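What follows is a group of structures, each given as structure tokens.
In the two complexes that follow, chain A is the common piece, with chain B as its partner first and chain C second.
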Partner chain A sequence: MSDMTAGLDSGIETAARIPSRRRGWVDALVRSVGPIVLALLTGAILLAIIGRDPIAFYDDVLKAGLFRASGLQDTITRTAPVLLVGAGLIVAFRAGLWNLGSDGQYLLAAAFVAGVAPGLLASVPVAIGWILLAFLGMAVGAAWTIVPAWLRGRYGVNEIITTLMMSFIGVGLAALLVKGPFDGPSTVPQTSVIDPAGMLLDLPDVRIHIGVFLALFVSAAVYWLFARTAFGTRMDVLGANPRAAVHVGIDVPRLTLVTFMLSGALIGLAAAVDIVGVFSYMRADWNPAYGLKVVPLVFLARLNALAMIPFAVFFGVMSIGGAYATRRADLPGDFLLVLIGLVLLFMVLTQYLSDKRERGESLLPRRTRIANAHA
Partner chain B sequence: MTLGADRSDVAARRTTPDQLTPTVELIEITKAFPGVIANDHISLVAMPGEVLCLLGENGAGKSTLMSIISGLYQPDSGRIKVGGNEVRIHSPRHGRELGVGMVYQHLSLIPTLTVLENLMMGANPGIVLDQRSARTRLAELASALGVAVDPDVRAGSLALGQQQHIEIIKALWSGSRLLILDEPTSMLTPQGAMELQGVLRGLTARGLAIIFITHKLHEAIAIGDRVAVLKLGRVVGTMGPDELAAAPPQELQERIITMMFGEAHAPDAEVAELREPAVAARAAAVVTAEPLLELVDVSAVGADGQHGIQHVSLTVHGGEVVGVAGIDGNGQRAFAEVIAGQRRQIAGEIRLAGTSIDRTSVSARQRMGLRYVTDDRLGEGVVASWPVSINLVLKRIGQMPYWNRGTVDRSAIETTARELIEEFDIRTPSPQTRIGKLSGGNIQKAIIAREVAFEPKVVVFNKPTHGLDVRTTHAVRERIGEMTRQGVAVVVISSDLDELIDVCDRVAVLDAGRLVGIVENGPGAETRIGELIVGAAAAVPIPA
Partner chain C sequence: MPDLLTPTFLTALLAGGLLAAVPLIFASLGEIIAEQAGVLNVGLEGMMISGAFAGFAATQATGDLWLGVAAGALAGMLVSLVMVLFCVRLGMDQIIVGIAIVLTAEGVTSVLHTVIFGQSYPRLDRVAVFEIPLLRDIPVLGGSVFSQPLAVYMGLAVVGVVAWMLRATSWGLHVRAAGERPASLDAAGVSVVRVRTVAEIMCGALAGIGGAYLSIVSSGTFVPFVTQGAGFIAIVIAMLARGRTWWSVLGALLFGISLSLTTALQLVGIDIPVDVVTMLPFISVMVVLILFARDARLPSALGLPYLRGSR
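Up next, the complex of A and B:
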């Protein structure tokens, strides 16, 4: 504990109580939604600078992503993998474990599911096939976290580096699998296609598959895990104060492994749902790269799996509507990444300012304040 | 109640007239945090050439006030004058530029760098470090302090007292007018503390103003030209040089205690401060024949450059308090952690009530009644951002009745928390308050409550009263006495010799990870232990 925080702690403790209720709720909302609003505004300015009409652009985003029936269905479908990857990241992050290898875990699970699914779904009842494929995705995702988790838990090796490295290997290995053992009959390197009868059921009259409900259920379960269970509390202790975790007798190496595997399993489940729910096959060069796009959302949701739901919808609108809008505005699809980057930037800024306010400092930059003082 | 209102006597001691301007003057400083007013219209004056001692319980607002002077916090209202000019100290850097030097309780030198490198690092370095002028400056300041300093020795190889001298030099490096020392003697040996007094005297003779924060009344009386007592964010009493000179220390001490706690608490606090031996009280303790904790030839490696322990053997019986003395960093932490199970032993055997626990996990040892009150309260003892209630059951996660088949029962936790808060007199607004917001003393009470509740057999206390105020210290020592009456075996690890003499039956001395002797408490024990410790103090090499 640094001297600074020690000073803070012994400073706050005291005496007379003043009747001030924290506006904690409003604060949380500002911190979560503020960065998105600021990013969209800055995005608008950027659009204006490069000669596009920002209003028309955002209008297109909303129209294609939200107000058009087909767009809304795509948006909702898209929330499924985002929620599941998000749940996986939340599990790890809350335990203070930086699983930044979700792309490798996702893609490797996708490759296995896409490689096995067509044959499996043709030979067993589809419902059983789905369950087996879900477990397959989870097992592959979990397996890919074992090495970083073990190195971290046993030897304290920085998991940011190991998960990123494992992610590169995983992405490459997934492509190899699709080109090799899982290659289908098509001339391009891709797996066989799942028969339409084997795909996840859609809800009546819409193109929204039941995997979305699975994702919502998993989000609620992860929320419950942290809110109510001893297992979740242990992960929270590990994340909040790893030395306290050792002190209170938590088996840290074991918990690290279990947490990492759970994280990887949820990410692998996202891949299974995507393949069997939406894509039906996998090409060797395919990579939706959810991982790093979902990370900022997870933090905006303050590592709360239920609060993640609106952000997943936002992400869905932006990616489905954004794809349409960028095409219409003749911009590269990567413009969405610019917006996500801006969200990250403003998130850090909002955090900085609200920390400053908590310390009772002025929000104005220092130079201005000195000038004011002299005025 | 502004200090320095009466200046006539001060003027008599001045050599030059301009020294009459206070170095730093605080006027009606108020600072509130959510839920508390840490500083409530505090006015204080630090005069050049004087030591102002700031006394107060944990949570009296001392740290906040010093953070305001050093520029870390901004006051909500009130004014600060430095050298007669009103200023806004908007950052610690600005504070340093204005001549406010701060020495924190915990030393912050980088052990692998040399003394000179440490000092150059702290001095707002440009791209190129100017070694030659740094050497000159170091020699200059070392002679001002009256100490010998080797610029090229690694900071980590210095004794704590010497490291503190370097910290003081660092604080004075760019020309300080005010030096703030936050509990500077808490890590020092008695000799080191005496030496520090001499250093401070030398500095005030050169016109420096010093603010000296301490818990120890006798120190404040010995060192201070003025004494100010803070309580609940207010200045509740001050003493000027006249008053300090007029009365004998004994009487001053009583007056200060009255200021701090009011009349009612004076006798209590006095007992703790003057350490009336608790030996008599413990005559009633039942020392059973049964050894509850046995260490047989135990060795373990240390962490963070500290000593491990080598071939330590020690037996503690029920109803007995065994002290472990020694200078910090001589294996105390490894000793405590290996008993708690947090650190793996590389040799030897540990038995709890006759049963070997070598392969028993931390939480199983906890369930068996072996408890460890850590000295690193915020670092590992609690999750600071969590409520008091859950911190009180932090070592029982997943256990009945707080977790039922893995699912939390919040009302059970709440009930137990309320009971413990009541029983252990933990001052908290509610069980839901974040524990990090409580004062150090109340955090310690919560940790002790957690360890001592639920039928302990053996309790290891690591520096149980370090940094606590007089009253809490007394309460903690009472608690230790009470446990022995219930037949609990207690180990108290402390670098405070007075404390060990006060509470222990026997005192073992750790030197460089080895147990160099065990002394029965009684007449002359203090000297004997002191000799063993000082023998240790002569050489504290850190093994490779």
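Up next, the complex of A and C:
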């Protein structure tokens, strides 16, 4: 069993390997932006194959997601949940824990927040209501990670599988809650709508709510956590080498639980910010499914919470502009999944080529490696 | 509380359970082969959905069930080649590539569905049921286990073949060695990369067939994301089966029955919300994992790329 978890841990470690000093920031930039460029180019070829105009498509993406004032505001607003989910994933991944269940954690937190918010915000001062809702979202998100964390920490059960299973259960449970106890007066199954006075404040003259600053603050805090605190270092040690973590006296099951709950709490906070900041209610069939889509960004940012910011903006442009562009091109919004998946594949490929170059090996595959290994 | 142990209820439960279990049997069998060879194939869901779409499109175009199954296998194999190239050949991270495969395959099948079928969701004819003579007259079992589409029996036959191949052939020994002690296999003069490549492609083919079965036989139509996590459930089944192929049949049946429980309950007049139904298989996975957490043993070189000479 321990062999198995060790094997899987080293996976995250390789993916998140911190660039060596010799490598300049130019190289880091190429390794981060290169996969995106390659994915967009491949996406263009795919669009051409299925008879859509790639230039018009990407033009629509940029227009609707970046150059139109309303689109830019939506893009910036969208960065808030992406940054928070990303921060949650970074915490888990750096500790070597694959939290792939963020969809369930997010949606369940969203259901509770959307169910409680209309009544709560009408009865207490809004600022206090916001704080309580933020903690509610965090508590629900954290609670939904306890079982996978316990199984992993106590028995070493693969958390990829357990978090995914809990995610599917969470999504179903959220729908049940919205159809049952949290059902509002509307005929369709959805929660009551939060009164406009209860929504998060917007900045003057624009439709960007203050939750964006909370997300930026949390990103900075997570960065600081890993850069400056002993707790962050303990998580890094656990991620780098679980056996070493035991030897330096870390209570691994406990740290696993705490890390997982922190990860889930940040993801739950993303849901609270989305509901109280943007959506104001939740429909039973609603699911933004950020989860797996944010994973590639987190790796491109090399598990650095501050480096996530530009990638979150990129994701905002792609999802806001992409919604418009796919509609105009008569394609499903799932085309974004293709692009994100390609980003991930090209990221792995770029990493491979870059590792080879660093070792001074030829970029031609195989054979050379065997010769070197014997040398 | 209506009487649950009526023949109607049990027949519906078993028949539906078996029907729902077959895609899981195929996919988890593929995953077992890959895992035994040391490749953790997280992209199983992506291979299944590719097989589901290709199989559906081929059967819809030609009207032939078996061409659809072949197309599904081919699609699954094509997707598995990505895994072969990135993970077996280049030794990159299997989990990340697996996630990428799932995302890309879900996106591509959804886009292709829109491109080919637009907003329509054509249905295929129901697949003919093959009733085994004599056995079909047994109460309960006759109407369920012995009255199934031919593909169901073939699925069970494939399990037998794979079980025998893994246990009794030198190929099976190579596969298991590639998962436990790849260096020893290499020292014995067998290419670890080649063994893992073949295992991974077989896994892709089996997952593709499972997906094709899902769209052609079980649901008779394709909608985006039709696999709904079946690929991940199949991974759990493979892990709990610990390489013993017949256990995967047992596991798949358990989850198949939990899926068909709703239809069966509706037959006797008990209505459960659809959300509970979709959650049920995942809840049973979690319960099984909590109960048998200590028993999930995996090959020791699972998930590790093999680099000759490295430790």
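In this text, the second predicted complex is superposed on the first by the 342 of 375 C-alpha atoms of A that agree within 3 Å, B and C clash if a C-alpha of one lies under 4 Å from a C-alpha of the other, contacts with A are read in each partner's own complex, and residues count from 1 in each chain.
Criterion: a residue touches a chain if its C-beta (ideal position, glycine included) is under 8 Å from a C-beta of that chain, and two chains touch if they have at least 3 such contacts.
Just so you know, these numbers come straight off a predicted model, no measurement behind them.
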Chain B versus chain C as contact partner of A:160, first or second or both or neither: second
Chain B versus chain C as contact partner of A:151, first or second or both or neither: second
Contacts of A:205 with chain B and chain C, given as first, second, both or neither: neither
Contacts of A:345 with chain B and chain C, given as first, second, both or neither: second
Greater chain A contact set [chain C / chain B]: C
Which superposed partner A:169 touches (first chain B, second chain C, both, neither): second
First, second, both or neither for A:228, with chain B first and chain C second: first
Doubly contacted chain A residues - partners chain C and chain B: 1, 3-4, 7-8, 10-12, 14-15, 366, 369-370, 373
Contact footprint of chain A on chain B as seen in their complex: 31-38, 40, 58-64, 66-67, 72-74, 76, 88, 90-91, 104-106, 108, 232-233, 340-342, 361-366, 372, 374, 376, 378-386, 390, 394-395, 397-398, 403, 406-408, 429, 436-440, 442
For the chain C and chain A complex, residues of the former touching the latter: 40, 42, 82, 86, 89-90, 92-97, 99-108, 110-115, 224, 229, 232, 235-236, 239, 273, 275-276, 278-279, 282-283, 285-286, 289-290, 293-294, 296-298, 300-304, 307-310
Chain A residues touching chain B - in the complex, by the definition given at the top: 1, 3-18, 20, 22, 228-231, 233-234, 237, 240-241, 243-244, 246-251, 358-362, 366, 369-370, 373
Touch list for chain A against partner chain C, complex: 1, 3-4, 7-8, 10-12, 14-15, 50-51, 98, 100, 147, 151, 154-155, 157-158, 160-162, 164-166, 168-169, 172-173, 175-176, 179, 292-293, 295-296, 299, 330-332, 334-342, 344-345, 347-349, 351-352, 365-366, 369-370, 373-374
